[in-house]
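Next, two complexes with chain A in common: one pairs it with chain B, the other with chain C.
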Partner chain A sequence: MPHITLGSLPFENLKRKPFRTAALVIVVTMLTVAFYGGALLATNLKAGLNSMQERMGADLMVVPQNTGTKAEALLTSGSSSTFYFTNDIEQAVAKADGVSQVTAQTYISSLAAACCDEKVQIIGFDPATDFVIEPWITSQYERTLKDGEVVAGANINVSANGTIKLYNHEFPVAAQLASTGTSLDNSVFVNESTIPAVVSYSAKTGHAAIPAEYADKAISAVLVKTGDADTKTVAANIADTVKADGVTGLGYVYPGGVTASTKASLDAIIGYAGLFLAVFWIMGLIVLLAVFASSMNERKREFAAYRIMGATRGMLVGVIVRESATVGLIGGLIGIGSASLAILPFNTLIGARLQLPYLQSGAFTVLALIAAGLAFAVATGLIASVAAAVRLSAPETYLTLREGE
Partner chain B sequence: MTRKLFATLPAIVLGALIAVAPQTFAYVCKVEDGMKMACHYTAQAALGIGVVIALLGVIGLFVEPKVRAGLNIAVVLNALLVIAVPTVLIGVCKGAMMHCHMVTLPTLIVLGVLAVIFAAIAVRMDLTGAKTAGR
Partner chain C sequence: MPVLDIRSLTREFTRRGKPFAAVDHVDLSIDAGEFVAIVGRSGNGKTTLLNLITGLLRPTSGTVTVDGLDVASLDDRTASAMRNRTIGFVTQSATLLGNLTVLDNVILPAVMTNDGHGTAARNGDAATAPAKTADPDMPDVIAPGHDDDGDDPLAHRAHALLASLQVDDLAGCYPKELSGGEMRRVSIARALINRPKLLIADEPTGDLDADSTAVVMRLLRRTADDGTAVLMVTHDPDALAYVDRTLRMDRGQLAAA
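Coming up: the complex of A and B.
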């Protein structure tokens, strides 16, 4: 028979009643999975949204008519597409009132070729004027991007020899960027003068991305910085200015609006999840309270015996509190382990399925969430036992013993 | 009986999943034009190791606890191999959006970790059980 001390008593109690302990641990585990898993997902979504806001440096995007939805999808969900103007519009846009800075970008969606050649978004930008992508690229690649070279997003499959095969041509990859959790991760970036070469390679494969006659001047969007001016007014000014040049029917995308609507839907999701979590936690707490209360009722004789053996009320409360804290800790550890296994290795899949900006938080944030999750689990266990502990410490030993008869 | 099932069933189920996953729901890149990517070999290795883990679980049903503890130590080592194959030893395709990178790799890691945990618990249970029985 092992020697049982007051210190080891709570653990022996838990061991001797494996089914009761397992039931309590399961409830705490479920609550911790919901709390920690929900918090981790919400943090990653918020990190993705922040990253998206940082990457959207333009106030206004001028795109060809009826391509606004495609351009928005390109900003948010990462679905690649090709669209372009058939006329030189950049200079005309630059002339409009309220426009403080302009730059042109070209979007080409590559073919989904054989195994491991994915469909990627090729983005042509002008390093001299660009204010959206260039700062992000410069933060990680200091040299100027040469003609024919590409900079690859974080999710791009770069081959072992440092190239990427697009339209059957191997492009040297100058640098690979860090993850942003946005569509930029699935893109490759080339400078504007490389675009005609990309178009000619695409023509060779029989799937010309852009007709040869537009290859030299094709741009997909003019990105505008408006300074202090109202973006809608600037859009109207641009429409008037280009009309004078004989161009009508432009499409306008407001990246700020796209971010705002993504933020609104994200806030709604997080709000509902938070509400669900609160209800779930209260239900779980009620279950725990009920289980603790009924087990305390059953254990009245046991506690009366401790009292007869000389245990003070404080000691009894200590035993209950340590039992419940241990249950909370074990449940918390299992819950955090399970949720981490379900979320952390699958972060790319979750991001791809959510179709929302999703960026895996850093190790420090995850560790902080783990600590918070454990504290939450232990606190839940303690709260559940408080009522039982208070009740148990109140009546006299004799009465407690009689009640158990 | 419960202890025996707890010590063997996870190995059987997880071993079967490790063998089957890369061939089915957590599939790897298809072999096209005879070009076999790293993930193809990872799937082959996982098939072999998964079958071994499942068989160790089946054998565990018919042996005494001490021997079963030994079998579960083998399950732990094989499960560590399941984790090492897609991460260190063979690997998967580099592209983060590739199915093998996005699904197969984490699936094998998770199944491997679960197999290690369950087998380690089973070893402890069988050894302490054997000690108690021997008293």
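Coming up: the complex of A and C.
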């Protein structure tokens, strides 16, 4: 059996005090879960926000009155919905001052019923004029989307035969897009010509998404690029223009504002989480400091023995530091493992529950966070032992250690 | 050259704002192979004197020279190395490490040396000498074979020392499983592991019965006979029969008994 060495001494000390060691490890584990888990969630939320910003090519969305909230939900991470104009409004909007480019989209929600594989957002777009979705689809699907075909978002469950059933019709899936962390992941995309067919299929199920008379011309939103013009001014111009055609009561959504408000919400959440984490960390550190200080008192005799046997003050500090670093490392590994198991496999669920853009960061970012989490855990352990180490490195350590004897 | 040479050694402490000398102008010289005992009432500075000799306390004035080294002038690293290699210290209170087995407690000072391999403990084989030269007065000083030691000379030497103190059967135990007397004997084995030139023992027979006292004192005597300078503080009159010289410490001052 191998005998004791100076290097193995801290591990023997930890092994022979299982309760104290376990208590310290649990504290570090909790701190690491909070730090690493919080950082991972925050990073994923920021990645989702960035992705959302990249996917928003329009400066202004013109939608039917009182559907602004539904439209905003489409941009962030809300549930799917159906809404539409009953007027042909695209051309009227295009005529307004300050409008440089327009495209129309149609939004239809499938049903959470036997007729559909799942409840998804069906987005009809015009490949000829679209400047929002088409570039994103083109970046991943080079061919032209044919009538009757769909492109599926990242979270859509495509059947083994490459189709998705919507309103009792099997739509062939031409391609599936990469994850964006936004509601686009829960959407299927069809070209505008396919929309009447979708409406027809929905009518056959007894749940017509759009009345038949609007099936050929229904659009849900007109997406506008304003160039250098102020979007609020352009919105006012659009209101004036369509009013002349007898249309009133439009709704306006400003994607930039949605992004800004989402960012503000996100920043607030991250700010509060950071504050909570800081308080939690300080509390944990105080507990660790108290445990180390208390164990120093009960271990005075042990450290006096080391000095008698010829240990330098540096060796005593080394023993304490290696013990605390080991506690930090073990706690850090357990904390990172636990947080990873709780977060990484459940990205879709977390994104759905948060109702915010949520995109899993890449492997490199996760590895960097793991490294930072481990460094944080070990540093926490080391900081907690610093008071004990300072006392040990004082002159006449032996006198300090034998105080009260 | 004496192994230990103390000149006008004084250490003052402050109690309730007033200084007092726990050790007061002490002179002492001990040669290699000499066995010296210090007696005296508790609280008269004996333990403080031992701590000054080992460099664990700094003197207020005077000098302590151990094996030619002025202890007070040494930096922490050198003083620690001296404590590890030149001095063996058996303390008054139990200072065995509760997290280590008896065997590892004895071996630990040998692995604290700079080389990390316990060179001092390996050189020569003095500890096993008692096992080779049978002492009719000692019940069993032959180290039993330890097949699990393999080629580990440190473990061999530790077992031999423990056997010479009749506690080798406790090698795998933890200190909390030992009696006070057994702990004291293990402490002595630990103090001898690095073949010190100066062995300091603070009441080494304090917890022992008469038979165990005899075993310990014979070992200390033989250690002195093998060339180690031994300085012992004791309250045990039976222990004085084994020493070459007895001194008395009274109110910090040392004089012949």
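Methods note: the second predicted complex is superposed on the first by the 394 of 405 C-alpha atoms of A that agree within 3 Å, B and C clash if a C-alpha of one lies under 4 Å from a C-alpha of the other, contacts with A are read in each partner's own complex, and residues count from 1 in each chain.
Following the convention adopted for this analysis, a contact is a pair of C-beta atoms (placed from the backbone, for glycine too) under 8 Å apart; a residue touches a chain by one contact, two chains touch by 3 or more.
As the structure is a prediction and not an experimental result, all values here were calculated from the model.
Within the superposed three-chain model, A:S193 lies out of touch with both chain B and chain C [touch as defined at top]. By the touch criterion defined above, A:K17 lies against chain C but remains apart from chain B after alignment on the C-alpha atoms of chain A. In the superposition on chain A, A:T138 contacts neither chain B nor chain C. When the two structures are aligned on the shared chain, A:T241 is found in touch with neither chain B nor chain C.
Once chain A of one complex is fitted onto chain A of the other, the partner contacts of A:T205 are absent, as it touches neither chain B nor chain C. More chain A residues lie in contact with C than with the other chain of the pair chain B and chain C.
Contact with neither chain B nor chain C is seen for A:T365 once the two complexes are overlaid on the shared chain. Contact with chain C, but none with chain B, is seen for A:A305 once the two complexes are overlaid on the shared chain.
With both structures placed on the common chain, the touch criterion links A:I156 to chain B but leaves chain C unconnected. Chain A residues in contact with chain B (one complex) as well as with chain C (other complex) do not exist. Those residues of chain C that touch chain A in the shared complex are 51, 54, 56-58, 76-77, 80-85, 89, 91, 93-100, 103-104, 107-109, 111-113, 116, 148, 152, 154-155, 158, 174, 190.
Across the complex, chain A is touched by residues 29-33, 35, 37, 93-98, 101-103, 105-106, 109-110, 113-114 of chain B. In the complex of the two chains, the chain A residues touching chain C come out as 1-6, 9, 12-13, 15-17, 301-302, 304-305, 307-315, 395-396, 398-399, 405.
Residues 114-116, 118, 154-159, 185-186, 341-342, 345-346, 348-349, 352 of chain A touch chain B in their complex.
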